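Presented sequentially are two complexes of chain A, the first with chain B as partner and the second with chain C.
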Partner chain A sequence: MIRLDGVSYAYPDTVRPVLENVSLDIGRGTIAGILGASGAGKTTLAKIIAGFIPHVDGGELSGTVSVEGQGMGDLQLAEAVSRVGLVIQNPFNQISGARYTVREEIAFGLENFGVARPEMQDRVGEVADLLNLGPLLDRSPYELSGGQQQLVAIASMIVLRTPVLVMDEPTSQLDPAGTRMVFDVLSTLRGAGITVVIFEHKLELLHQHADVLYVLADRSIVAAGDPTDILADAHLAEWHIGSTRYTRVARAAQKRGLLAGLRHLPVSLEQAVAVFADDGGAR
Partner chain B sequence: MTGMHLRFEDVHYRYPAGVEAIRGVSLAIEPGERVAIVGQNGAGKTTLVRHLNGIFKPTAGTVHVGDWLTTDHDIAELAARVGYVFQNPDEQLFARSVQADVEFGPRNLGVVPEETTRRAEQALATVGLVEQKNAHPHHLSLSERKRVALAGVLAMHTPIVVLDEPTTGQDAAGIDMVGKVMDTLAADGRTVIVITHDMDFCAEHFPRVVVMTNGQIQADGDARTVFGLAQTLAEAAVEPPQLIRLSQRLGWGYSPLNTAEFVEYCARRRSERVG
Partner chain C sequence: MSSTVYVDRGSSIHRLNPVTKLVAMLCIIVIVFALPVWWVSGLVLAVAIIPAAVVSRCGRKLSRISATILLPILVVLFVVQGLTFPGGKTALISWGVFTVTSEGLHFALGIGLRLVCLVLASVLLVLTTHPGDLMSALTARGMSPKFGYIISSTLQLIPAFRDRANAILLAQQARGLSVRGSPLRRIKIMMPLLGPLILGMFTDVEDRSTAMEARGFGSTARRTSLVPVPDSSVQRVSRWAMPMVSLAVIVVPFATGAL
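Coming up: the complex of A and B.
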């Protein structure tokens, strides 16, 4: 579905590549989480998968990037955008600035794709229901809070019904309820066969929703696999990636001589309850 | 540097479009306190703290920053007392280099050039951006831009520092760094107010927590007590920190605020059981 083979990239006028020899193979209808410290190249990788690199940013891209078997480098940007929706990190910059209401803002991409008006209205209504944006549809995008703008940015991509969504920290401005809603919506989209690549720091939610996690460090993918295994990986700290408080507290308890014989560090609340209930917790 | 007391008295604020965002807030904060304001999007958190630097003036009620009534002072004057780090750094950064941006605040307050430079260098060292000092802020990542904005406020040496969502977009090291900055500001005696959705960060660095919903304060107290108010938090759509959720599931009747407290309590239970 999404396949990167030996991808390396350097921005224009720079020598040192941001990414080197990155390979990924993400199946259809998957939620793939990508972890990485600031500066690891996450935003660059998001733009590469979405075709914004090299179409918009230029630079030296080598290796191959394909979505549904189609090489992204062979497509015009407009064609790439119809396959991959990109939710950028800062919602304040995703709002088009060309529309006066949230309704028009969400419809903006559909207008550009030439979707007929009745269908456009139906699709905007549908995505507004999905993300609880109904009461905001007639407001100006610029009057909204940061969290509300972020939901509008997400809605404006989901409405396009691209087979792939790439999301760069899509819940950074949202409260816990809004964040859970977005992850639940992503799980629903996965059920409809949409593939989601999400760059996130919220490890507990990634553990609950992602099918696979990748770790981006030292300009390449250094680990990939089941979320429970990746989040308990002892190397995460070396890659400057945090761990859930459940994992941290279990490590600290082990250092204190508690949890003797523990073989798998907990990464989620449920796992931590099981671990600590056996060692002085619930009894 | 000493902090300064803050006082909101029955504050109401209505946006020009008619929405009443703050509906009768009274809150007193002592010099040197660290206070986190939490609550769901749209609860009025940002609107409330923007009264401190005079971006908003109350529709009714009063706000005091030290001995100043905010309605008697403009934003430029209040900037000498209240450093404000915006949620979106792009609302704050405008100079052509990181160093120039960080120097803008103190220079604007009339600090002499040598001292301005010294403060900027110190602030950039604190947020780990010395190497980027000549870069254009807009060539930096979002997390770096947020740290530039933080450095700009640190360099102003204001007695009050307000931070709106300082950890968003930061990786684990960035969050640790922001936490250390909070602790250092508190050690300097400055008053620190943060708005955050990151309850783990909040529990670890802010002894006092204020919960807001619909423009009103629902709870205000020490972090351990407030995070134990399950019903209030649920109504405010605030999720307790991970370690408190864990302790609640374990039926402890104790709310550990950090890893050390959790492990200590766990060890004590075990030794009591063995004993």
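Coming up: the complex of A and C.
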């Protein structure tokens, strides 16, 4: 579905590449989480997958990027964006500024693609229900809180029904309930066959919802695999990614002589309960 | 937070197609400026603008905004023209070297009434027409969506950037910056705030451009609109008729020698 093969990229007028030899293979209907410290190149990778690099940003891109077997470099930007939706990091900037209500804001992309009015109304209603935006539909997008704007930004991309959705830290301004809701919505989208690539720092939610995790560090993908394995990887600290609170508790317990001999540290609540119960039983 | 002055009163004027109102406004302006007599402006005011203001139920806000715009201009106009009109012969008031002439005031009345028509018609249009509806109507008639975007986004983003400037100012004040003092001192204090504001705006522009393209703004598809713009066959005819009637109103008096 999404395939990056040996992708390297340097921004215009720079020598040092931001990404080097990045390869990914993400299947259809998958939620792929991409972890990386600040400045690791996550936003750049998001723009490459969505086709904005090199179409808009220019620079030196090598390697191949394809979505559904189609090379993104061969497509016009308008075609690329009809295949891959991109939710950018800052919701304030995702708001078009050209529409006066949340309802119109969500429909803005549909208007640009020439979708008929009755279908637009249906789609806007559906996505508003999905993200609990119903009470906000007639308000100005600029009267909303940062978290509400972020939900509108997500809604405005989901409504386009692109087969792939790339989300760059889409829950950075959301409260815990809003964040959980967004991840639940992503699981629903996966059920509908949509492929989601999410760049996030919320490890526990990624563990719950992602099918595969990639770690971006040192300008390349340094680890990939099952979320449980990746989040238990002892190298995460070296890559400045941190670990789940359950892993941190288990490490602290080991320092105090508990959980002796435990090889795989827990990354979720269920795993933590199990290992502590086992340890308590053994005592 | 939006800078729009639109007042939602749901009147029949509000329900008109925005292009119909725009054409009417342009016709009014062309007539009052093409026919250089004060009573034409007075007539337009009496038979078109004031009734429309009453029907729209926006009269109070229309008066307030228009007065703010017009009062300083009219005061200066009457004082200057009353005192310095070159063809002024009939003195009304004399005070030392200053003489207010009847011809000067008459000339000022003509110009002033035209300006009153111009401002009232324009303000009435923006009070009764949501900018989003105006842009949708114009885009539906072939105006470039990019041009429409520039107008719409300017209306909304200026207040947003003003809020950002306030946030930067508050952040600086929280670190001990004092903004009190003379106007010159205040300007000097504000200068360092421009850096973060302008740099932030550049980043925003790049980000916003990406977000807009991601939502198909560069698409060549024929655009549709979520919100239907009201229209009728009567309005479609009137949009053609109004310019033709205006042309006749302007040409006939000159052709017959009435003016």
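Basically, the second predicted complex is superposed on the first by the 278 of 283 C-alpha atoms of A that agree within 3 Å, B and C clash if a C-alpha of one lies under 4 Å from a C-alpha of the other, contacts with A are read in each partner's own complex, and residues count from 1 in each chain.
The rule is simple: a contact is a pair of C-beta atoms (placed from the backbone, for glycine too) under 8 Å apart; a residue touches a chain by one contact, two chains touch by 3 or more.
Bear in mind that the values here come from a model prediction, so they are computed numbers and not experimental data.
Enquirer: Taking chain A as the common reference, can chain B and chain C both be placed on it without clashing, or not? Answer clash or fit.
Expert: clash
Enquirer: With both complexes superposed on chain A, which partner does A:Glu143 reach: first (chain B), second (chain C), both or neither?
Expert: both
Enquirer: After lining up the shared chain so the two structures overlap, which partner does A:Glu169 touch, if you call chain B first and chain C second: first, second, both or neither?
Expert: After superposing on A, A:Glu169 lies in contact with chain B but is clear of chain C.
Enquirer: Does the superposition put A:Val152 against chain B (first), chain C (second), both, or neither?
Expert: A:Val152: touches no partner chain.
Enquirer: Is A:His240 contacted by the first partner chain B, the second partner chain C, both or neither?
Expert: First partner only.
Enquirer: Taking the superposition on A as described, I'd like to know which of chain B and chain C A:Asn93 touches: first, second, both or neither.
Expert: After superposing on A, A:Asn93 lies in contact with both chain B and chain C.
Enquirer: One more residue to check, A:Leu160. First (chain B), second (chain C), both or neither?
Expert: second
Enquirer: With both complexes overlaid on chain A, does A:Ser38 touch chain B (first), chain C (second), both or neither?
Expert: Only chain B; A:Ser38 stays clear of chain C.
Enquirer: Looking at chain A, which of its residues have contacts with both chain B and chain C?
Expert: On chain A, the residues that contact chain B in one structure and chain C in the other are 90, 92-93, 143.
Enquirer: Could you please specify the touching residues of chain B with respect to chain A in the complex?
Expert: Interface residues on the chain B side: 17, 39-42, 46, 87-88, 90, 141-144, 165, 168-175, 197, 199-200, 237-239, 241-243, 245-246, 249-252, 259-260, 262-263, 266-267, 269-270, 273.
Enquirer: Which chain C residues qualify as touching chain A in the complex?
Expert: So the residues of chain C touching chain A come out as 1-2, 4, 130-132, 135, 145, 148-149, 152-153, 156-157, 159-160, 204, 207-228.
Enquirer: In their complex, what parts of chain A are in touch with chain B?
Expert: Of all residues in chain A, those touching chain B are 36-39, 43, 89-90, 92-93, 143, 145-148, 169, 172-179, 201, 204, 240-246, 248-249, 252-253, 256, 258, 269, 272-273, 276-277, 279-283.
Enquirer: Which stretch or stretches of chain A touch chain C in the complex?
Expert: Residue list for chain A touching chain C: 47, 50, 52, 56, 77-78, 81-82, 85-86, 88, 90, 92-101, 103-104, 107-117, 120-121, 124, 140, 142-143, 153, 156-157, 160.
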